[in-house]
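Reading through the C-alpha cells given below for one structure.
Note that the chains take the letters A, B and C in the order they are written out, and that residue 1 is the start of every chain.
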Amino acid sequence: MRLEVVHTTRFRYSGKIAETVMELRVRPLDGLGQHCRDFDLRITPRSAVGSYRDGFGNHVHYFNHLAPHDQIAVVSRSLVETGSFPNLPLPGSGSGGTPSAYGQDGFPEDFLDSRPPVVQVAGVRRLADRFRPADLEDGAAVEAALDALTEHIHARFEYRPDITTVYTAVDEVLKLRSGVCQDFAHLFLAVARAMGVAARYVSGYITRVDGHVGHGASHAWAEAWIPGRGWIGYDPTNPVKAGDHHVRVAVGRDYRDVAPTRGVYLGAATEALEVAVDTRVLNGG
Amino acid sequence: MLSRVAASLHRLGRDLERADHLARSLDHHLTLWLDRGGVPGDPANPDSWGRNRGDDFWVRFLRLCGHDLDQRVSQREALERTIVGTGGPSIYGAVSDARRAAQAVRPSLSSEVYEQVNGLYWRLDESDRRRDLHGLLRQVQLGVNLVDGLIAETMVHDQTWDFLRVGKYLERAANVTRLVTTKLVELAPGAETAQWATVLRCCSAFEAYRWRFSAEVTPERLTGFLLFDQALPRSARYCVGEALAAVARIDGPGARSRPYRLLGQAQALFEYSDQAEVVAAPVGFAGAFGDLAGGIEEALAATYFQPSRHASQDLASPPPAWASQGQQ
Amino acid sequence: MAERDGLYDEMLLPGGAPRPPYEPLHAQVAEMGPEEWRRRHDLAQRSFRDHGITFTVYQDDRGVDKIFPFDLLPRIIEAGVWARLEAGLKQRVRALNRFLEDVYGERRILHENRALRDVVLSSPLFLRELCGLPVPRGLHSHVAGIDLVRDERGDFFVLEDNLRTPSGVSYVLANRQVLKRVLPEAFTRYHVRAVDAYCNQLLANLRWLAPPDVEDPTVVLLTPGIYNSAYFEHVYLAKQMGVELVEGSDLLVDRDKVFMRTTQGLEQVHVIYRRVDDDWIDPIFGRADSVLGAAGLVNACRAGGVALANALGNGVADDKAVYAFVPDMVRFYLDEDAILPNVETFLCSREKDLAHVLANMERLVVKRVAESGGYGMLIGPAASAAEVAAFRRRVAAHPRDYIAQPVVSLSVQPAFDGRTMIDCHQDLRPFVLCGEDITVMPGGLTRVALRHGSLVVNSSQGGGSRDTWVLAGAGDAEEPESDG
C-alpha cells in the first residue's frame, strides 16, 4: 500500500525562549516489508538540520535555534510503501541477516530487559503466568500466546485519552485499567518480557480504518521476537497484528527511545503543543 | 574569560566589600549608640535597651544597611540581623556568598587568595559573637583587607583582577553615597559632632579628614570629602573612577561598551555636581546615582555575564524544559 | 595482632625486620623517634588543610571541607615488580578499549562468547542507544583507574576497573608534593620515579583527540561544580593543565560545534575532559532535568565537532559481572594471556554460582554490579546475621545485579593513627592514560583503610592515602624525583 503521511507538530510559547535544541524521530524505517520512498522535513524558524541513525537503526533528525523565538513548527512528509508480513523471514531462517552496528538486526536479547516506565510488578507477572506458552522455542505457541495477550489488553482496558501522560508507568496503567496506545504498548512489552519473550516498542502511524483508533496523532504498538519468524507487530489498541495499515517509524526499548520529539529550551515561558497526523492512501489500495 | 567566571569575580569583589562595610558600620554605630545612650535601661536585659530609649536608632541603622523593615527592633535583634540575618545584607551572608563565588572561580584565583577567603569564612563560622563582638567585627575587616592585599600582590593584574575591582568599587561607591545622603537627611543641621564623626569612621576616613582639614566636621566638608574627594580611596568619586578604569582595561583601547559609557556618566555626576546642592537636596542626588548604578549593573550583566549574547534579557533563569509529544 | 599471620605486610617481614627495599626508610624512621614522627605527621595534615587539598562532604546543606587523611610512610614498589604491573595494566586497558569499540560496534565478541553476551546485554550500564556512535581515534577510555590488591602471598590481583570518570590522581600528585616538603631526607636514600609528567601527558593526549583540521585545539575540563566531592581535583587538574574549568551552563552547542560563553562572546571548544556522568551530560541524551551538561553535546560528538574524554558508555566495562570476562577479552582481542589475574568471581546470574553464593554468603564479599565507590556491598565475615539475610533476599530476587568474590585479605602496612602505629589494609589504584601510546603513571594512589580492621579504602568511606614510590631500575634513564 502506498501512503502519504504528513506529521505536524507545533510548539507555542507564552513568551520568548531561546537556545532550543530538539531531536526528532519522524522518518519512517526501511525494512520488514516497508520502504520509505520520499521524506521531507520543514522546520520553522528555519534551522540547519543534522541527522544520524541511532543505536536501534532509527533515523534521527536534530536542530538547534539560538536566537529568541516564541514558536516552532516541525512538518514532516513521508511517502511510504507498506508491505505485509509475507515479507518477513520465512520460518527457520533465523534472525534474518548478520548483526550489524545498527540494532535493527541486533540480538533479540537487546529487548529482554525492562526499565521504567516498563516496570515488572506483580500484576504484570500474573498476566505473564496466565499467557505464558508452554515452550518458548515453539514459535506458533508464542505467537498464539501474544495474540491472546493482545486481545486481553484490548478487552479489559479502556481506550481513554487524557487520563495518562507520556510519563505514565505500567503499574499505573494496571491500576487505571485504561490509557492510550503508548500505555497499552508498554503493558504488552512488560508482560511479553516477563514471559521471556523479547519485545520492543514501535512508534509510527496508522491509516484511517473503520473501527481503528490511533490516527490523527502518532501511534504506538509493540513487536515481539517469534522463534523461526522474527519480529511480529502486535497492536493491542486495535487489536490486530500490525500490517500494511501500520507505518513503522522508530523502534526501541520503550517510549523514551523513540519519542517523536525531544527537546529543551532556555526561558521561563510555558509551552503549548499541537500535533496533527494526516495519512492518505495514494493508490486506492 | 568565561562569562560565569567574570560574574563570580564581580560578586566576589562586591561581597567582600559588603562584608567589610557592614562590619565597620556596625562597629561604629554600636559605639555611637553606647556614647549617646549612657546607661541602658536594664543592664541585665539587653533586649530592653532599645525599647527603653524610645527611638528608632536600630531601625534606621538596618535601613541604612539595606534592610527593608518598618517595625521597631531591639538592639539585640538588629545585631543578629546585621551579623547572620538572611532577610537582607548580613556579614555572614556576604562572607559565605564570597566563599561560594571564590569556590566557583578557584582556578582563576591565586591559592593564597582562595585560602584566605575560605579561612575567613571558617573563622567567622567558629567565632562567638556573644562574647567578643568587637573582635569578630575587627576580624572581618582585617580579613577582607588581607584578601584585598593578596589580590593586589599575588595575582596578575589582568581581566580577573579588573572584574574583582569593578565589583568592589561599585559596591563601595554605592555604600558611601547611601551613607552620606541618608545621614544628610536624618541629621539636623546642629547635630552633635559624634554623629558626623561616626559617618567618617564608617568609611575609615575620620583620621584622613583630620589631616586634610584639622577643623570641625561640618555636613558640607564631609560631603565634599566622602563623595567628591579625588584622593580618598573611599570617596564615591574615587571609586567610580577606579571602576571606570577597570572597565576601560577590560574593553581594550578604543572600545566604548555600554558599561563604560554609563560609568563615564556616573563619573561626570561626581565630577561636576555642586557640593552645596547635594547638601541641600540629598535625596535627588541619591536617586540620580541609584538609577545610574542600577543601569551599570544591568549593562555589566548584558555585556559580560549574560549566559549568551543570543538570549534576551528575561532569560536569566534557565530551567530546561521538555518538549515531548505523547502517542495515541 | 592475632590475624597478622594471615596477612601480607608490605613493609615488614614476619619476624618484624623490614623487607629489603624498606631498610633505609626503616632506619630513618627509627632514628627520628616517635616525637619527631608525630610532629612531621601533624605538619603534613596541616599542609593539606592550608593548601585546600580537600574533598567536600555535604551535610545539612552546608559544605564541610575534609582533608583526605595522609600517612607519612610511603609504600615502596621495586622496579621489577612495577615493570610487570605496568605491562599487565597496559595490556588490560588495551583489551578493554578494544572491547568497548567492539561492543558498541560490530559485537564480534558477543557472537563468540555466549556467557559474556548474556552479561553485556543484561547490563544496565550497556547503553545500546550509543551503538554506532563513532569516537575519535577509536579510543573509549582515555583515563582509566585500575584497582589492584595484594593477597596474603603478596601477589597482585585486579579488583575492579574504572573506565568512566576515575578520580584520585590529584591526591597522588599532592601527596608527593607534601611528602617532599615534610620528609625530604627520606628521598635522599632512594631513586624514586617522578609522577609529575601526568598532567602534561593527559593534556597532550586530549589535544591529540581534537578534530584533525584544528591546529591549536581548545581543551576544557567539565565539572559538575563546587558541590561535587571531587571538585578540588577538577580545579587542580584544570590549573595544572592550564585549561578552562567549565560547568555545563558555560557551554552551548550550535550546529554540531560546542562553544563556551565568554566575556568576549562565544569561543569554540574542541576537546572536553568531562567529569560529569553519562546520564547528566546532555539533557537530550540522558536525564532531561540535568543542568550539569549541555543540550546537544552528544550529537556534536557524533558529528565529530567535539571530542569527549572519556567516551560515553564505558560503564559496561566497569560492570562487576563483565569484569569476570576481562581475561577472555585479553585472549580474544590480543591473543595473549592476561598478565594480571582477576579475583575469582561468582556471577549470581548463573544458577550454579548463585547457589554457591547463597550458601556461603558469610564468607564472601557481595557487590552490586553497577555501583562504584564502595557502596552497595556486603563483606560477609564482617556483617551481622541480619545483614547477611537481607542481602541474601536481595541477591535471590535480582541475581543479575550481584556478583560475589572470596574475601581477599588486603595487604597491610603500618600507619600512624595520631598516637601509635597500627596495621592498615591498603590497595592501589594506578592511573592509565591512553593516547597515541598507553602510559602508566609510576605508582598510583595507595588508599589506606585507616580505620582499624576495615577493608574499605574509599575516601567516601573514611579511607586515607599514602605516597607510592616506584623505584627506578637499572634500565630507567629518567631523572630521580627532585623538588621543583
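As a working rule, a residue touches a chain if its C-beta (ideal position, glycine included) is under 8 Å from a C-beta of that chain, and two chains touch if they have at least 3 such contacts.
Everything numeric here is computed off the predicted structure, so don't read it as measured data.
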For this session: Return the chain pair with more inter-chain C-beta contacts, choosing between A-C and B-C.
Result: A-C
Exercise. Of all the other chains, whose mean CA position lies farthest from chain C?
Worked result: B
For this session: List the centre-to-centre spacing of chain A and chain B in whole Å, with centres computed as mean CA coordinates.
Result: 59
Exercise. Between chain A and chain C, what's the gap in Å when you average each chain's C-alpha atoms?
Worked result: 41
Exercise. In angstrom, rounded to a whole number, how far apart do the mean CA points of chain B and chain C lie?
Worked result: 46
Seminar exercise, completed: Residue ranges of chain A touching at least 2 other chains are 19, 22, 66, 262-264
Exercise. Can you list the chain C residues in contact with two or more other chains?
Worked result: 252, 283, 288, 295
Problem set entry | Residues of chain B engaged with two or more neighbouring chains | 307-308, 318, 320, 322
Seminar exercise, completed: In the complex, chain A touches chain C at residues 19, 21-23, 48, 50, 52-56, 62, 64, 66, 99-103, 106-107, 109-110, 112-113, 115, 252, 257, 262-264
Seminar exercise, completed: Note: in the complex, chain B contacts chain C through residues 1-4, 6, 100, 103-104, 106-107, 111, 114-115, 118, 159, 250, 303-309, 318, 320, 322
Seminar exercise, completed: The chain B residues in contact with chain A across the complex are 307-308, 310-312, 314-315, 317-328
Exercise. Given the complex with chain B, which residues does chain C contribute to the contact?
Worked result: 50-52, 65, 225-226, 231, 235, 238-239, 244-247, 249-250, 252, 260-266, 283, 288-291, 295
Exercise. If you look only at chain C, which of its residues touch chain A in the complex?
Worked result: 104-107, 110-111, 117-118, 121-122, 124, 127-133, 252-256, 283-284, 288, 295-296, 299, 302-303
